[in-house]
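Sharing a structure below in structure tokens format, with a few things to ask.
Going by the order they are written in, the chains are A, B, C and D; count residues from 1 in each one.
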Amino acid sequence: MNVTFLQDLLSRITDRTRRGSSTPSGDRQHTPSKPSLAQLTAACATLMQSGGEASRILVAQQALDHYAGLDAAERRTFFTLLAERYAADPGAVHAAYADYRKHENNASLQRLFTACEPRRQDLLRRLNLCPGGTHELVKMRADLLDMLKEAPELAPLDADFAHLFASWFNRGFLMLESIDWNTRAAVLEKIIHYEAVHEIQDWSDLRRRLDPEDRRCYAFFHPAIGDEPLIFVEVALCRGIPDNIQTLLAGGDEVAPRYADTAVFYSISNCQRGLKGISFGNFLIKQVVQELKRELPNLTQFVTLSPVPGFAAWLAQQRETEHYRLSAPAANALKTAEWQQDTPARQALEPEIRALAARYLLEAKHTSGLPLDPVARFHLGNGASLHRLNWPGDTSSKGVRQAHALMVNYLYELDRIEQNHEAFSREGSVICASDVRRQASRADALRYTSVDA
Amino acid sequence: MNVTFLQDLLSRITDRTRRGSSTPSGDRQHTPSKPSLAQLTAACATLMQSGGEASRILVAQQALDHYAGLDAAERRTFFTLLAERYAADPGAVHAAYADYRKHENNASLQRLFTACEPRRQDLLRRLNLCPGGTHELVKMRADLLDMLKEAPELAPLDADFAHLFASWFNRGFLMLESIDWNTRAAVLEKIIHYEAVHEIQDWSDLRRRLDPEDRRCYAFFHPAIGDEPLIFVEVALCRGIPDNIQTLLAGGDEVAPRYADTAVFYSISNCQRGLKGISFGNFLIKQVVQELKRELPNLTQFVTLSPVPGFAAWLAQQRETEHYRLSAPAANALKTAEWQQDTPARQALEPEIRALAARYLLEAKHTSGLPLDPVARFHLGNGASLHRLNWPGDTSSKGVRQAHALMVNYLYELDRIEQNHEAFSREGSVICASDVRRQASRADALRYTSVDA
Amino acid sequence: MNVTFLQDLLSRITDRTRRGSSTPSGDRQHTPSKPSLAQLTAACATLMQSGGEASRILVAQQALDHYAGLDAAERRTFFTLLAERYAADPGAVHAAYADYRKHENNASLQRLFTACEPRRQDLLRRLNLCPGGTHELVKMRADLLDMLKEAPELAPLDADFAHLFASWFNRGFLMLESIDWNTRAAVLEKIIHYEAVHEIQDWSDLRRRLDPEDRRCYAFFHPAIGDEPLIFVEVALCRGIPDNIQTLLAGGDEVAPRYADTAVFYSISNCQRGLKGISFGNFLIKQVVQELKRELPNLTQFVTLSPVPGFAAWLAQQRETEHYRLSAPAANALKTAEWQQDTPARQALEPEIRALAARYLLEAKHTSGLPLDPVARFHLGNGASLHRLNWPGDTSSKGVRQAHALMVNYLYELDRIEQNHEAFSREGSVICASDVRRQASRADALRYTSVDA
Amino acid sequence: MNVTFLQDLLSRITDRTRRGSSTPSGDRQHTPSKPSLAQLTAACATLMQSGGEASRILVAQQALDHYAGLDAAERRTFFTLLAERYAADPGAVHAAYADYRKHENNASLQRLFTACEPRRQDLLRRLNLCPGGTHELVKMRADLLDMLKEAPELAPLDADFAHLFASWFNRGFLMLESIDWNTRAAVLEKIIHYEAVHEIQDWSDLRRRLDPEDRRCYAFFHPAIGDEPLIFVEVALCRGIPDNIQTLLAGGDEVAPRYADTAVFYSISNCQRGLKGISFGNFLIKQVVQELKRELPNLTQFVTLSPVPGFAAWLAQQRETEHYRLSAPAANALKTAEWQQDTPARQALEPEIRALAARYLLEAKHTSGLPLDPVARFHLGNGASLHRLNWPGDTSSKGVRQAHALMVNYLYELDRIEQNHEAFSREGSVICASDVRRQASRADALRYTSVDA
């Protein structure tokens, strides 16, 4: 490696860091052209050599630059190469096992563990040496996840990423930051980009969500990936528990924070696809509850206003497979797009939607034994309880399509989180308000069997 | 776990974080009294249970609090327990190996790797969930290192710590900070505490090292362990390469930074014993060179003013084992404590000290084939060259005792670091200035054999 | 004043400060309704009382809230009241003068000065006690300036504002900040709002101006008025001196900063109308030149790309009053809107536009003896020289309307600023490049007289 | 002014600012040697010229550097020169007055005011242009204050400083900062230096005052004078109102902040002698009360633990002038240095000390009609009430010397501050606890007259 290149590269890194920008466009022209799979492969080989410590940061940088230049097919080839050539050495594994079998103690186990560790993990740790490397690796895993369906043989490689990320993104390393209109624009544009639940249209819309006194937003950041949020939650401070997301998003009728009694978590978005399976939401909500209680002792209720993304699909399937049905008026109402404007249609629909939704949330189960609805699974798993059904709660086209406009509130009660969580995770019990349970019982009348009887 | 305790604990954590203090003295009284090994053991067991995610942060906090209350004997018992009860399940290892033997592919390797991972590693990751946990674990490993000599069977446990720390303290996660008189006192008192090469007497002494325009100090920090530096280097800006540490420490004759041509690294201190073997110094020096070059383009030389800690011991041994000797006048001079004030004595000593020190640095080797002197090993391993011997360079009692007052300069030339490092790590070549080599050649005359001949 | 109100008010202030927002909307409802001129007048009277120091912050806050609730007519009434009732006491002035006449020393002068100080100044200082007061007073003066034409009798009141503001906004109190894509959104939206030279369309346009590596933006802030910039300058880093603002604004062909040789100041905007006459631009440009030189020693030229806002009007007047004329082809070309697309038209226009523009810039004078063009007056007054005419340099409708698409570069040479400034301010000499002078001389041929001759 | 000097100077300024240090020692050698009164005088003259705006920052910097090089005699000469040569122009004053007399309106008053303004004020504003100028001017006034007794003719010059400083240090410009162990050392060393009430011995002592959870410290800063605090207050959080300063300073028995009910202001120090008469303490205490109430709603009492600096001197004078006397046993007790260790002596002294101290605080008046004791004047003037006498409250040698070991608590009740202040400032009423009043009444028995009777 020659020296001019070294200096050039380091100053590029420095420049990039200084600007805080993830797209160092202008300078690209000065990097060696034609990054290619061959160069990446060579860089990885160099990186694994025992000597050469001094230059590892630079080689890691090069390797990641080369990777960024690959197309999808090349990336798949690269992953296959990692899977094939960067596994463990079978000879070493067999020898270490023979030794372990003989002695079976901590020292021999340690050697066996070391022998089994796929060399990929060490490669990934070395790629992580350069500034910005962590985020590049997170994006690399996102690429890999996209291919897993077609290339299930890459799953062990994904397990290596997951193993490392679980260490790197340990809760102890995350930083909670409050996001508001004084946050730097480079972060705010990412909030706009990553909002996954209720889309943010533009900067004016963003301002409406962040700037009013009765709104809050919190995100987890990781020190090594700078401006990129990992997950964020949007909060509204209210008097009483809100039942409609459009009203809440419209805002306008601001509440002075010290007169609010309820904090509503109305949107939680994961930002990094490459961190799939490394869960933060649980910690985020609980830490935000703590922060808010400290700042505003007047807050007495912490709830969500949540979508029910699987309800419409479940209901369709129930009707198709003749488990549950809708009464004729309700079925007719649902057929028209205009039931929202049509009072009799709404009146026909409401009790049946509520009853079946309650039934769905309480009883429809995943193969794991946990609730079928992913949002329910998340909040109930955190120790929240199912507090209230709101209908119509989300009349956006997405809300109508996913859940016939239903929304629900999950309630976080700090002094019940533990026992709720225990009950849920041990026995699968869904803790819910008695009113929800009552509505669920009314679904019996909508069983096909009950009709037949 | 009851709720009041939960809230109490969380507010304690919050308070502690807010104050940035690692010793939350006043509040201790409110934590449950009598932390004990039994409670720690129980907390670890709870932490490993599959359910109960919601409470893990708290249990981790409890466990670390209990650990902090143990005495040395109890800690050893705890480590032994970790070694014995938190290894892998042998049955699972054997089964996974049988499967691997049959299929020998990435998936079976992945399962074997997972089966071999000592459960301790997962336990340590879970202990790391709570705020401040990382630093507690680093201190825990320091305790363990203290016991390794007497309890070598704990070495695999140490390997688990080292494995995790290598991930957690990856270069990509470290933050370089400039330390000066505007740094917060909570950090500065740690600089005083951790300075290991040339002791800092008090705050006035510290100010002399940080505040003058021609002094710099840089440290690596890790985001999860807050105010605790990992390693720091003290730098003086000079005209020309200094040859005496007392003169340099005394200061007084400040150079305006933009008129300096040389940056001198005169003290590098590792701060966390528990991070032994996780090396940062290499990266630190190189990043500081980059920082300084960017700020002060007038700097053209980057050198150290370094001790030679093994020289006096090596020389004594050479004389005892009759490999090298000193001439009679030199030997006599060395016997008197006052050779520093005695010009003839100094003149008798100088050529022989220089010759033998050059020989020591160039040829005395460790069993690894690398230089015997640890400081030489560090800088030469980083790609620096041995530039100059300075005598007398350190007339402090420590300097006289360790190295008969010798100091050396190692030279960091950015455009030679790579090749120096390669030559050193592949062939063990010590790159040095021709003058040093010349001095070394004069040691031939001081061989016993040469005398005998 | 009752206590609940006091606490309410203080917590409002605290909330407002915390949110960093200037529009504390939600809470307004809790302030006493019906602010009125009468209440404002009463608050001012209270504020001037000798006792009651403890409550002054609150009364000042009230007074400014009341002022904010006034309509334009009421504001004029209020200003008139200030002019009439908050002047000095004539009796005290006469007495102090009599004493001064007798003794004519510093002590008697001091007393006379104190007697002459309009009580308004003290009132304004007391209004400034409350958080946010400074910005409210700056806006109050903007209101006053709007009325001065119709109400010239209020000019002495304006002089009081100007007197205080010259102290409060002393250069020593201003803070230079670099504005980029990492700046908080609350400031960036103000940059969009205040850009007065080349309008910023939206956040994407703003990002194009701030985020690329070859763009910079700097603003002066005053510590007491928070997020509100006083003045800002936009800078492009280029190779060579640019001659066209549309090309420059489009960007796209980024230059790596360390390869740039020229910094171009292409837009300077004053943000606070109420600070009219308190000049910062001079200091801003010079400090930015220093900052850039320090960061990028490769920069060798500092120029502007500036509009010539008075040229078209001057030329029209010259033609009307038969001083200067255009040749027939040029005059015809100018009549068509499409001369930009019409090569022969452009060729006919170019030499005459250049000649007359050079003449305008060099010789057209204000009654003060300084250049008629306000932008020329500003930069030449700062010690810059007139470096080059660019045509067509600004083909926006504003550029065509104001200056027939002409732009110019003013050159800031640090080692000539002093003497340029001296020559300009003492003798009115316009320092310019010889090429510009040559072009000006060609305008002789376009004099009416020369034609007649 | 030549250019190299200009660049040199500006880079010096930049360096100095960067290092945050007020003593740019190393570089001094490069400034022109022999600063002198003549050069200062010349620089002031240059600064007042109408042209030359561009170079004013530099000339101001030079002038202040020259001033810093003057000895005391030269400084007095300089002040005299300011007084004599930088007054107003008498001709202009007479003319403006004649005009005012004729028209007597706002415009003519404005002109008269302008004519009367001593040119010194403008000079001081121009000296304030350079970075760091504000603090230099504050120190300049401190020099002037030292001379006023001997040179009363300089009082009008002091009035000019005071007039400007009242504008520059307006409450609206001050920033409240919390000082703790995370504050930068450059500020902390100033806290050690400026503590005027209970001396801070060294950094360990400082840490004891700042780092424990139950201690707080707050200071006002001005943005233009950086690290220099203007005033600070030290606070202890307690259960109940403390009665002894030695116990409080010793600390040790920390209270968790959320269990404290009382905040004690036990030391308030003004830092800048040059800001005499510009009062901040009033605002500081009230803002700190607000901050603490917001952070710790559990606090219900805000008190001081204050010295009574004038008591011993007053008592001595009372006894000498035969107004009040001590009983024989008390008088004897006071004569021995050991009354503190001598129980009967203490018992003899206590009732008489308390009675006379209460009388002193309630009735001894300054010529202004306000309390004679300066600390009492300050807190009562802020609207606090005299809450309790503590004896012995301060057994340090200073405490015994000043006040025979007496300390008092003043109580700040937010909902009574206003009316207390009004009563105090209008009628001179000292609001005090009934117990204090009762003790005062017992002093009647110690009147000489009562004895004689």
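By definition in this document, a contact is a pair of C-beta atoms (placed from the backbone, for glycine too) under 8 Å apart; a residue touches a chain by one contact, two chains touch by 3 or more.
Nothing here was measured: the structure is a model prediction, and the numbers come from that model.
Enter the minimum step count from chain B to chain C; a value of 1 means the two chains touch.
Between chain B and chain C, the shortest chain-hopping route counts 2.
Same or different for chain C and chain D, where same means more than half of the interface numbers show up on both copies?
Same: most residue numbers at the chain C-chain D interface appear in both copies.
Go ahead and note the Å separation of the Cα centroids belonging to chain B and chain D.
Averaging C-alpha atoms per chain gives centres 48 Å apart.
Measuring centre to centre with CA averages, how many angstrom lie between chain A and chain D?
That pair's centroid distance is 56 Å.
Using mean CA coordinates as chain centres, what's the gap between chain C and chain D in Å?
Going by mean C-alpha positions, chain C sits 38 Å from chain D.
Name the residues of chain C that each touch 2 or more other chains.
11 - these are the residues of chain C that touch more than one other chain.
Of all possible chain pairs, which ones touch?
Those chain pairs satisfying the definition are A-B, A-C, B-D, C-D.
Within their complex, state which residues of chain C touch chain D.
1, 3, 6-7, 10-11, 14, 50-55, 57, 83, 87-88, 90, 93-94, 97, 100-101, 104, 106-107, 109-110, 112-114, 116-118, 125, 128-134, 153, 155-157, 159-160, 164, 166-168, 170-173, 175, 223-224, 282-283, 286, 290, 294, 381-383, 414-415, 417-418, 421-422, 425-426
Quick one: which bits of chain D touch chain B in the complex? Just the residue numbers, please.
Residues 11, 15, 19-21, 24-27, 30, 180-186, 188-189, 202-203, 207, 211-214, 227, 254-258.
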